[in-house]
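Shared between the two complexes below is chain A, which has chain B as its partner in the first and chain C in the second.
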Partner chain A sequence: MLSEIVFWVLAVVAIAAGVAVFRVDSMARATYALAASFVAVGLALLLLDLQFLGVMTVLMMVMEMAIMAIYMIMFMGMNPALMPMSMVHGKRPALLVSIGTFVVLAAGAVLVPWPTRRGAPAADLVTSLGEAVMHSKMLVMLTVSPVLFATIVAALVLALPRGRYDRLGPELRHRSRHGRADR
Partner chain B sequence: MTLETVLLVAAALFSIGLYGAISQQVVVMVMMGLELMLNGVVLAAAGFWWFLSPAPDGQVLLLVVLTAMTVEMAMGFAVATLLHRSKQSDMTDMATDLAQ
Partner chain C sequence: MTVTQVSAGWVPLAAALLLTVATAAAALDGVLAARSAGRPLSGGLLTPAAETARLFRQRRRTTIAADLPLQRIGGAGLLTAALLMVVVVPFGRWTVADMAVGVVWFNALDVLLWAALWLAGWGPNSVHPLVAGHRFLAQALSYELPLMFALTTPAVAAGSLRLGDLVAAQAGLWFMVWMPVAFVVFCAGVVAFSAWGPFSAALGSGAAGGVLAESAGVDRWLVTAGRYALLTAGSAFGVTAFLGGGHGPLLPAWLWVLVKTSLLLAVLVALRRRLPVVRPERLAVPAWLVVLPLVLLQLLVVSVVVVARG
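This part shows the complex of A and B:
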């Protein structure tokens, strides 16, 4: 009964905070609202006995929101980030698409005859996840690792101010043709 | 707490995020919309895992979704940095020439 109440409280907090992200009048407040939504979902994962993933979601998303706040200060300055703003386009079509999506997803959630539960969770779910990652599902981790490494490289290539594209500018294509682009 | 209620909450989060991803003009706000959509996906995946088949495989899938969130965040911030440096703006409308 207690877990039922806690789940509904967390659900209301997650949805209300999610709505607040696009309703509040400053990006700083939007960041806090998104962090609150993520924390609520992370705690809901704990209710489903996903201790490791729940804690990781909370920690990762709080950190991510902190980085987002830094970006807002960096790009817009501290005051614009706290000042009222409304920068939207196609508000009405976006609203229609999102409501339509919710109706379809909700109908699927309610109308589909979901099967009954198969099997029981392991006694120690964190250990079972660790064992899966290190044994039967190691290929998944072996795939995720190079993807993350490629992300680091790609993000640096894009973000560096003195990258190859900035250095050569409009001459990039011409100089590549003559084999001198990589100097 | 049933699978249906968890999926309804997840659908609400996904739809709110979709609204933000479509309607917002600032790149960082679009990223917030995408993050909210993935937040719904995480909750739905956790619900499926717990109520249908609580095997370790489902936890690995959740781990992959969290990785996707990390990749999206890193690339989003990199594109925002690039856009700000080249256009002195962080609005999506200023990035239409990226498609060319």
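This part shows the complex of A and C:
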């Protein structure tokens, strides 16, 4: 009973916050509405006894949105708090795509004959999740993570107009001027 | 020592306990401030009461075109996160929520502070709070990864993310003894996410009060009280994860938790007047080039010991 109430509250919050992303008129509000929607989804995962995944979703999404808000505001080059702006563009194609996606997913959920449960969940879900990820998929993880990391570093190097080589010289030997980029 | 989950009726008591210890921390800071200013110490002891009375009578301050909902959510976020943090911390034999992923829960809540302090800075639509909110995020980029690996270390040693198991694994030897680097980094992380002492650039006088520059009345009280509550919750977690939790001779387990938490908290509070504020942009290089490798090395040592023990 209680878990049903919690589920419905979280579901309504997740959807309402998701709708709010497109209804509000500021970057900060849109970003944190999205974060709130994800937090509700993460907490709903706790109801499935997926504690690790649920809490991890909250952690990752809040962190991600906190950084994303900065980038959104930065790239917009304006202060949306002073100048309200619309969060939607290309309305008609977006509407078509989203309705189509919803119909396909909802039809799938309703029409697909769901298999009945075979076996029982493991006693220690965190351990079995870790084994599932790190045992058979270890090679994939080991290949993908350095590539992802290299991509992030390379993107940052390309995006950074002035790095430590500007401050410390080509051999990184000059003394730092209080960590400040020279003008 | 097994940890049992108490019924939900005890939650208000747990919250009251956190706020009481946090008030004691504020009183200690008041005494230290009075001593360094040469004022009578008894006046300093009453600082929390006097500040609360002053701020509760003060009018809220609103700025032009402020984003009030975001500002209020951010300002209340600190105290909320602190209250949710202590939910998983065992108080002797009892805990409010015996979560299998208590360590990750704590970590997720300290990440929530990224959002809280930035929102509190963004909300007022004013330069100083906005700059300070960005400063906090810049600082967070430096402290969060070392903090995460410092949190991972005791979990690896205990083979569990449950805080009760962490305490049980320290029956013989406290984790602080054989993972001192992780402990120090964790304490620094607590000070940093509470925007306290050397890591208080987001709330310091360097930006005219930073996030608090435009906040008055109950809004200001919430952030100030939230910082003390965060320091308290962080200390309680540190005691559980590194200082043996309720283990100790003679006294009952809950009293040991309280004593150890108070001592660690007192050290963290006293740091404020001992160390200068570090600018977030100067923190990045030492945090990523020195502290992160050190804490990873600590994790490696602990992992090797765990594997060797079998």
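The rule we apply is simple: the second predicted complex is superposed on the first by the 139 of 183 C-alpha atoms of A that agree within 3 Å, B and C clash if a C-alpha of one lies under 4 Å from a C-alpha of the other, contacts with A are read in each partner's own complex, and residues count from 1 in each chain.
Operating definition for what follows: a contact is a pair of C-beta atoms (placed from the backbone, for glycine too) under 8 Å apart; a residue touches a chain by one contact, two chains touch by 3 or more.
From a predicted model like this one, the values you see are computed outputs, not experimental measurements.
Student: Figure out whether A:113 sits in contact with chain B (first) or chain C (second), or with both, or with neither.
Tutor: In the superposition, A:113 contacts neither chain B nor chain C.
Student: Looking at A:7 after the superposition, I want to know if it touches chain B, chain C, both of them or none. Which is it: first, second, both, neither?
Tutor: So A:7 only meets chain B here.
Student: When the two structures are laid over each other on chain A, which of chain B and chain C touches more residues of chain A?
Tutor: Between chain B and chain C, the winner on chain A residue contacts is B.
Student: Touching A:21, do we find chain B (first), chain C (second), both, or neither?
Tutor: In the superposed model, A:21 contacts chain B only, not chain C.
Student: Answer with first, second, both or neither: which of chain B and chain C does A:66 touch in the superposed model?
Tutor: Once the two structures are laid over each other on A, A:66 reaches chain C alone.
Student: Which partner does A:56 contact after superposing on A: first (chain B), second (chain C), both, neither?
Tutor: both
Student: A:32 contacts which: chain B (first), chain C (second), both, neither?
Tutor: Only chain C; A:32 stays clear of chain B.
Student: Between chain B (first) and chain C (second), which does A:146 come into contact with in this model arrangement: first, second, both, or neither?
Tutor: It touches nothing on chain B or chain C.
Student: Residues on chain A in contact with chain B in one complex and with chain C in the other?
Tutor: Touching chain B and chain C on chain A: residues 52, 56, 67, 125.
Student: Which residues of chain A touch chain C in their complex?
Tutor: 26, 28-29, 32, 35, 51-52, 55-56, 58-59, 62-63, 65-67, 69-70, 81-82, 124-126, 164, 178-180
Student: Where on chain B does chain A make contact in their complex?
Tutor: Interface residues on chain B, with respect to chain A: 1, 3-20, 22-26, 28-29, 31-33, 35-36, 39, 42-43, 46-47, 49-57, 59-60, 62-64, 66-67, 69-71, 73-75, 77-82, 84-85, 90-91, 93.
Student: Could you pull out which chain A residues touch chain B in their complex?
Tutor: Of all residues in chain A, those touching chain B are 3-4, 7, 11, 14-15, 18-19, 21-22, 27, 30-31, 34, 37-38, 41, 44-45, 47-50, 52-53, 56-57, 60-61, 64, 67-68, 71-72, 75-76, 87-91, 93-95, 97-99, 101-102, 105-106, 108-110, 114-115, 117-122, 125, 128-129, 131-133, 136-137, 140, 144, 147-148, 151-152, 154-156, 158-159, 161.
Student: Considering the complex alone, what residue numbers of chain C touch chain A?
Tutor: Checking each residue of chain C against chain A gives 65, 67, 69-70, 73, 99-101, 104-105, 107-108, 111-112, 114-115, 118-119, 122, 125, 134, 137, 140, 144, 161, 279, 281-282, 284-285.
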